[in-house]
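There are two complexes below, and they share subunit A, which is joined by subunit B in the first and by subunit C in the second.
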Partner chain A sequence: MSLIAFVGRRLMGAAVLLVVLSAAIFAATAVLPGDAVSAVAGMDASDAQRAEVRAELGLDRPVAERYADWVAGAVRGDLGRGFVGERPVTDVLATRLPNSLLLAGLTLAVTAPLAALLGLWTGLRGGGADRFVSTAAQVLAAVPEFVIAALLVAVLAVWLELLPRVSVIPLGGTPLDVPHALILPVLTLSAVGLAVATRLLRVSAADVAATPYIEAARLNGVRGVRLAVRHILPNAAGPAVQALTLTTGALVGSAVVVENVFDYPGIGRELQLAVAARDIPMVQGIATALAGVMLLVLLTGDICARLLDARKGHQR
Partner chain B sequence: MSRQIDRRAFLRRGAAGAAAMAVGPGLLAACSTDEPASDRKTGPGSSPRSGGTLRAAFVGGGASETLDFFNGPSALDLVRARAWHGTLGNLDPSGPDGVRYGVLKGIDIADDLSAYTLHVRPGVRFTDGSELTAADVLHSLSALAANSKLPVYRLAAANFDLAHARADGDLKVVLPTLRPIADGRMILCQGNFLVVKDGTKNFRKGMPSCGPFRLTEFTAGQGAAFERYDDHYGHVPRLDGLELRSIADSTARAGALTGGEIDFAHDLSPVTARTLGDKGNVELVPTESPYLVGLSFQMNMKAKPFDDPRVREAFKLAVDRQAMVDTVFYGNAEVGNDLPSIGFPDYAEGLPQRAHDPERARALLKEAGAEGMKVALTTGPETPGMVEMATLFVEDLKKVGVRTSVRELPAGQLYADFPAYAALPLAGSYQMPIPALSTYQMSTAGGSPSAFGWKESATDTLVAKARAESDQAEARKLGTQAQRTRWEEGNQVLPVFKPNLNAQAKGVRGIRDDLFEQFPGFSQASLA
Partner chain C sequence: MTTVLTPWARRTRTGGLGTPRRHRPPLLIGAGTLLVLLFALAGPLVAPHSPTAQLAAPFQQPDGRFLLGTDVLGRDVGSRVLSGGRTIVLTALAGTAAAGVVGITAGVLAALASRRLGDLLLRCVDALAVLPALLVVLVLAAGFPGSHTALVASVALATVPFSTRVLRAAADTVLSSGYVEAALARGDTRWAVLRHDVLPNIAGPALTDTALRLVASLHLTATAGFLGLGPGGATPDWGRMVSENVPGATLAATPFLAPALLLVLLSVCVGLLAGRLADTVGRGAG
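And then the complex of A and B:
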C-alpha cells in the first residue's frame, strides 16, 4: 500500500473514531454525579432557583437531544459556550491549545535527540555507563513531576536566580514572548519523557547491535558514530518513535501539574476546571479537541514508524 | 508520478528538524531580555509613591473569567470589576450608617421600612464624560443584579423588590423592600454592588465606567491591565496603572511575589503563608474582621443521631478550637463560636465562648445513647484549611468515643452534586463574610436545603423581627436571642474564622483602606 493510501485510510478511521469518542465523552459527562448548577447558582441556592438555572442551562432536556444539538453545532464549527462565564469554547481552544502544543513540541524537541544519544551510547557500550544511565533513568521515571518541578525551581530560580519561578506571560501575548519562562516547564516535562525514551532506545539499540546485519557492517569496517547513526539508530528508532509520540500526544492535555506549578496557560488546567464545575460544553469541546490532537499525533507516529521500517519505507 | 518520501531522506530531514527544534528554545532564550529589574526601595520610613503599576495575583477562574461581574463567579471577576466600576458603598464600622458610600451620597429609609431611597452623589462622571444618574443605578440594580444567578446578588433580590425599583429624578432611586427591613444598607453597601451605564448589556473593554481605573487589556484566565482614571469621583488613585493576574496555584503566587514578578498575592494557603514569614522583602497582610471566612461542619438533623440536641452539643464541645487555629493556621485565624459572620454589627457578640470540654461531650453522648456512634465526615479542599480542619475534628471526636473518619473529595466535587451533599450526615462547609441575619434568612430559614434539616419557625420569625426593628438596641436584643437558639440547639460546628492570607511586597500601602478586604480594591494603594 502506498503511503498516501495508508494516510488516507488512517485519516478516515480517525474521523470515525473521533465521532465515537465524542459520544463517549458526552456520555461520561452525563453520568458524572451533580451538574453545573452549584457552580453557577452557588451552594445555598434554593430548590426553585436550582430548577430555574438547570432549565436555563438546558440540563433538563434528554441527553441524546443535547448531544444531537452539540454535534450539529460542532459540524458548523460552533462548540457552544461554557456554562460558567459563558465564554465560547472555540475561543478557549484557540488561546490555550496552541500553548499546550508548543509545550509538548518543545518537550519532544529536547527529549528526542537526547534520548537517541543516551540510548545509543548505553545500548552499544554497556558496562558502567549503561548501568549508571539506566539507573538514573529509572529513578527519574519514578519521581513525580511536582518533585522534579520543585527541585528545578529551587536550583534554577531560587538558588541560581537564572529563571523566573512562574511563567508570567504578557497580557495579550503568547509564551513565545517570554521564551525564558518556557524553560522550567519544558525541562520538567522532558525529564520523565527522556527517562522512558532512553530506556526504550537502549533496549532496541542493544537488540539491533546483536543482529547479523550489524555484525556484517562491523566486519566491513564500519565503526563508531557511522555505525550507530547510519545502521543502528534507524532500525532501533521504530518502537521509541511510537512511544515518544504517545507520550507527547498525552502531554498536550495532561500537563496539569506543570501548568499549575508554573502557571503555564495550557489547555489541561482549563479541562480540569471545567470538569470540577461540571461545565459540560467546555469539557465536551476540550476533551474532543484533545482526542483529535491525540489521533493526529498517533497518525504522525505511525507514518514515521512506517518510513523508518526498512521493509516498508525504503521504496525505490 | 507522485514522489514517494525516501526513508533515507526522511531520516536526514527528521534529524535536521529535531536539531533545529532542540536548539531553537535555547537560542530564543539567549536572545530574550530579562524582566526589568525592580528598583523599588522599600522600608517603613518611605512615603507612599505616586505612580507606578501595581501587579497583583489571584486564584482566578481560567477560561470562565468574565468582564460581566454579575455573572462571573470567581473572586477575580469581582476584584477586576471593583477596579473598573464605581460602587454603591462598602461596609465601614466607623462610618455614620456603618457604611462608606461610593457613588451614593446617602440612603434614607422610610419610616415604615417599606422603601429605601438611594441618593446619587452629584458630579460622578463616566469615562465617556457623561454624568452618572439615577437611571444608571436603576439599570444596574433592576436589570442586571436582579437577573444575576450569583449568591451575592440573590441576597439583594431576597430583600428588595428590584423589579419595581424606580428613578425619582436624576439623583434619586426608590427601592421597595419585600418585607420591612432596617439593615438594608448593609446589604446594598457590601462593596459588590457596582454601577454601570444605563442600557449596558455587553461588558467589554472600552465601555464607559466610573471606577478608579479604566480597563486597557483583558485575557480570560491570564489577567487584566488598567490605567488610572483621572476624573474618578472622591479621589484620584495614586497608581498610574494596575495589573491583575490570574495565578491558580498558591505556591506559584508566593513564588511570583518573592521573585518580584508581582507586588501582591491574594489568598495563600496557610503553609505557603508560613514559608513567607522569614522572607525580608514581603509581608503577610491577612484580612481583618469582618472579612473572615467561617470554616464549619454541618450536622444533618434529618439523620440520626443528629436529631438529638445532646449529640449536636457534644460535637460542639468536643472540638479543640485553639488547636485548630494554632496547628492549621499557625495562629493566623480566630476562634469561632458556632455562629457565622463574626465582626458584622448583627453578630451576637454577647454569647459566651463555647468551651472545649471533652468530658461533658462524652457524658452527653452517653446520655443520648450515642456512645461509640459511627459517622463519616465528608469534606474537600474547597478553600485552604478545610481538609486539615476536618482531620483535627475527627481526632477530637475519636477522643470522645465517636468512631469517625474523613472522607475527602477531590477539589470542586463537594458541592457539585448538591442534593447528595445536603443529605450527608456530617459535612464540611465554609461561610463567606456577609451579615448574620440576612444570610440566615437567605440560606437557613424555612428549611432551606443548605440548612441540613434545621427548621425552626420561631427562630425564623425572631430573625425577621430583628431585621424589621428600627431601634438598634431592640434589634440587637432580638438578633442575639435568635442566634442564642442557633448557638444552643443549632446543627453547625464553626470552630474557626480564617482570614484571606494575603501577602505583599514591603512598601505597598493603602489596599486595606479600600475596605471589602476579601476582594481587595486598589484605588488608594501605592507602591513604595
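And then the complex of A and C:
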C-alpha cells in the first residue's frame, strides 16, 4: 500500500471516529436540556420564561434534530454561539487554541530530548540509577498535575519569589510577550510528560537492547555511546515515536488542569469555565475540537511510525 | 537451551528489565497507604470543628485553636483536611470497582466471542480511549452538573478501555491453553470453563490492572475536585481546597500545602504499591 493510500485510509477512519465521538459528546451534554435552560434563564425563572428561553435556544426540538443542525453548521465552520456572552465558539477556538499549542510545543521541546536521554540511559544500564529513575517516574506519574503545580508555586513563586504565580497576559497580546509567565506552566507539564515518556522509552530501549542483533554488536566490541547511537537508537525510533504520541495525548488532558492552576488563557481554561457555567454549545465545540486534536496527534504518530518502517525496509 | 540462556544473558549483560530486584515486602509503603487511607476515612469523625463553618478571619496563621490556621473563608483548615479525603477515596474506589466489573466482563466476553465480534468490541473501546480521561469527566460533568453518580461513571468510563484490552489479552491466553481445550473436549460447559478455568487464571492480571486503575481513578477524582466538578458547595475536598487556597499562597501556606501533601502521600503510596504488585505478578507469570 502506498503512503498516500495509507494516509487517505487513516484520515477517513479518523473522520468517522470524530463523527462518532462528537455524537457521543453531544448526547452526553444534551440529555438534560432543563439544566441548560436554568443556566441561561436563572434558577428562579417562571415556567413561561423557561419555555421562552427553551424555544429561543432551540432546546424544545429532539436531540437528533439538534445534532444534525449542529453537524451541518460544523461542516461549514460554524460551531454555534456560547450561552454566556454570545461568543461564537469558533472565535474562542481560534484565539485560545494557539496559546495551548504553544504550551504543548514548548513542553514537548523540553521533554522529548530529556526523556530520550533518560530512557536510553536507564534502559541500557539498569542497576541502581535505573531503579531510582523508574521509581521517580512512577511517583511523578501518580501525583495529580495540580498538586505538582501547587508545590512548584509554593517553592518558586511564594518561597523563593522567582516567578509570577499566575500567567497574566496583556489584553490582545500573546503569551510570548511575557515569556516568564510561561515558565511555571511549562515546568509542570514537562514534569508530567517526562514521567510518562521516560517510562515508555525505557521499555523500548530495554526491548531493543535484548535483541540478538544488539547482542551480536556487543560481542563485536561495540559499546557505550556508539552502541546507543548507532545500533539502538535507529531500532528504538519506531516505539519511541509511539511513546511520544502517547505522551502528547496525556499532555492534552494535563494541559487543561495546568492552564487552570495558572489562569493561562488556553483552550483548557475556556473548557473548564464553560463547564462551570453550563455553557453547553461551548463545551460541545471545545470537546469536539480537542478530540480532533487527539485524533490528529495519533494520526501523525502513525504516519511517522510508518515512514520509519519504510526507511528501515529500504536499508535492508 | 536458548530459552534458558537468553534471560540470563539479558540480566547480566544489559541489566534493563531483567535486573533482579530485592524481594522485600513493601512494608513501609503498605503502612503509609493504610495510614493515609485511615486518615481519609476516619478523619471526619475526629475533626475538632465543623469543616464548613466560618469560624475566624481568613488566612489566620496556625495557633492553639486552629492547628493549621484558617482558609480563604475563615474555616478551620485542620478540620477540612480531616474531612476532605473521604469523598476522594470513596469516589475513586467506586469508580475503580465499576471499571473493574465492566472491564473484566467486556474483556472476557471479547475473548469468548468470535474473533470478529471481539475485535469490533475492542474497536469501540479504543474509540473511547481516544478521548483524554479528563475530557470524559469534564463533558459528563457539563451534562450532569453536580451529580456524584456521573462523576463515578465518568471515572469508570475513562479507565475502562485499558482494562478491557489487558483482560482480553489475558483471557485469550488462558482460552488457548491446553487445559481449557481439554476441559471443553471432555464436555464441560462454557460457563463451567469460565468459572473454573478462565476466571481463576486471569485473577492475577485482573488484580494488577485494578490496582493500576485505582491509581488513575484517584488521580482523576482529585483533579475533578480541583476543577470544582461533582457535588459542589462547601463540602471539603482536598482537590478543591488546593484550588481555593492557592490564590492566597502568599498569605498562608498551610491551607493549600496540607491537602497537597496529603494527596502526594496518598497517590505516591498507592502508586508504588500498585507498581510493586504489577512487578510481583508479572514475575510470577513470567
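We adopt the following convention: the second predicted complex is superposed on the first by the 288 of 316 C-alpha atoms of A that agree within 3 Å, B and C clash if a C-alpha of one lies under 4 Å from a C-alpha of the other, contacts with A are read in each partner's own complex, and residues count from 1 in each chain.
Criterion: a residue touches a chain if its C-beta (ideal position, glycine included) is under 8 Å from a C-beta of that chain, and two chains touch if they have at least 3 such contacts.
Owing to the predicted nature of the structure, the values given are computational and were not obtained by experimental measurement.
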Quiz item: Between subunit B and subunit C, positioned on subunit A by superposition, is the outcome a clash or a fit?
Solution: clash
Exercise. Classify the contacts of A:Val252 with the two partner chains as first (subunit B alone), second (subunit C alone), both, or neither.
Key: second
Quiz item: Touching A:Ala216, do we find subunit B (first), subunit C (second), both, or neither?
Solution: neither
Practice problem: Kindly classify A:Leu124 by the partners it touches after superposition: subunit B alone (first), subunit C alone (second), both, or neither? | Solution: second
Exercise. Report for A:Val155: first if it touches subunit B alone, second if subunit C alone, otherwise both or neither.
Key: neither
Practice problem: Please indicate which partner A:Asp47 is in contact with in the superposed arrangement: first for subunit B, second for subunit C, both, or neither. | Solution: first
Self-check item: Which of subunit B and subunit C A:Ala291 touches, first, second, both or neither
Solution: second
Practice problem: Pick one for A:Asn260: touches subunit B only (first), subunit C only (second), both, or neither. | Solution: both
Practice problem: Would you sort A:Leu11 into first (subunit B), second (subunit C), both or neither based on which partner it touches? | Solution: neither
Quiz item: Of the partners subunit B and subunit C, which touch A:Leu182 in the superposed model: first, second, both, neither?
Solution: first
Quiz item: Thinking only about the overlay and not a real complex, which stretch of subunit B clashes with subunit C: 368-376, 386-394 or 422-430?
Solution: 386-394
Self-check item: On subunit A, positions contacted by subunit B and by subunit C
Solution: 32, 35, 153, 157, 165, 260-261, 274-276, 278
Exercise. State the interface residues of subunit A toward subunit C in the complex, per the touch definition above.
Key: 17, 20-21, 25, 28-32, 35, 123-127, 130-131, 135, 138-139, 141-147, 150-151, 153-154, 157-158, 165, 203, 205-207, 209-210, 214-215, 218, 249-250, 252-254, 256-257, 260-261, 271-272, 274-276, 278, 280, 283, 287, 290-291, 294-295, 298
Quiz prompt | Partner subunit A, residues of subunit C touching it in the complex | solution = 6, 9-10, 13-19, 21, 127, 130-135, 138-145, 215, 218-219, 222-223, 226-229, 239, 242-243, 246-247, 249-250, 253, 256-257, 260, 263-264, 267-268, 270-272, 275
Quiz item: Of all residues in subunit B, which touch subunit A in the complex?
Solution: 2, 4-8, 10-11, 14, 18-19, 21-22, 24-25, 28-29, 31-32, 34-35, 61-66, 68, 71-73, 149-151, 154, 217-225, 243, 245, 247-249, 251-252, 255-256, 258-259, 261-262, 410-413, 415-418, 420-421, 442-443, 448-450
Quiz prompt | Touching residues (chain side subunit A, partner subunit B) in the complex | solution = 2-4, 32-35, 37-47, 49-50, 53, 82, 84-87, 91-92, 95-96, 105-106, 108-110, 112-114, 153, 157, 164-166, 168-169, 171-172, 176, 178-180, 182-183, 186, 234, 260-263, 265, 269-270, 273-279, 282, 304, 307-308, 310, 313-316
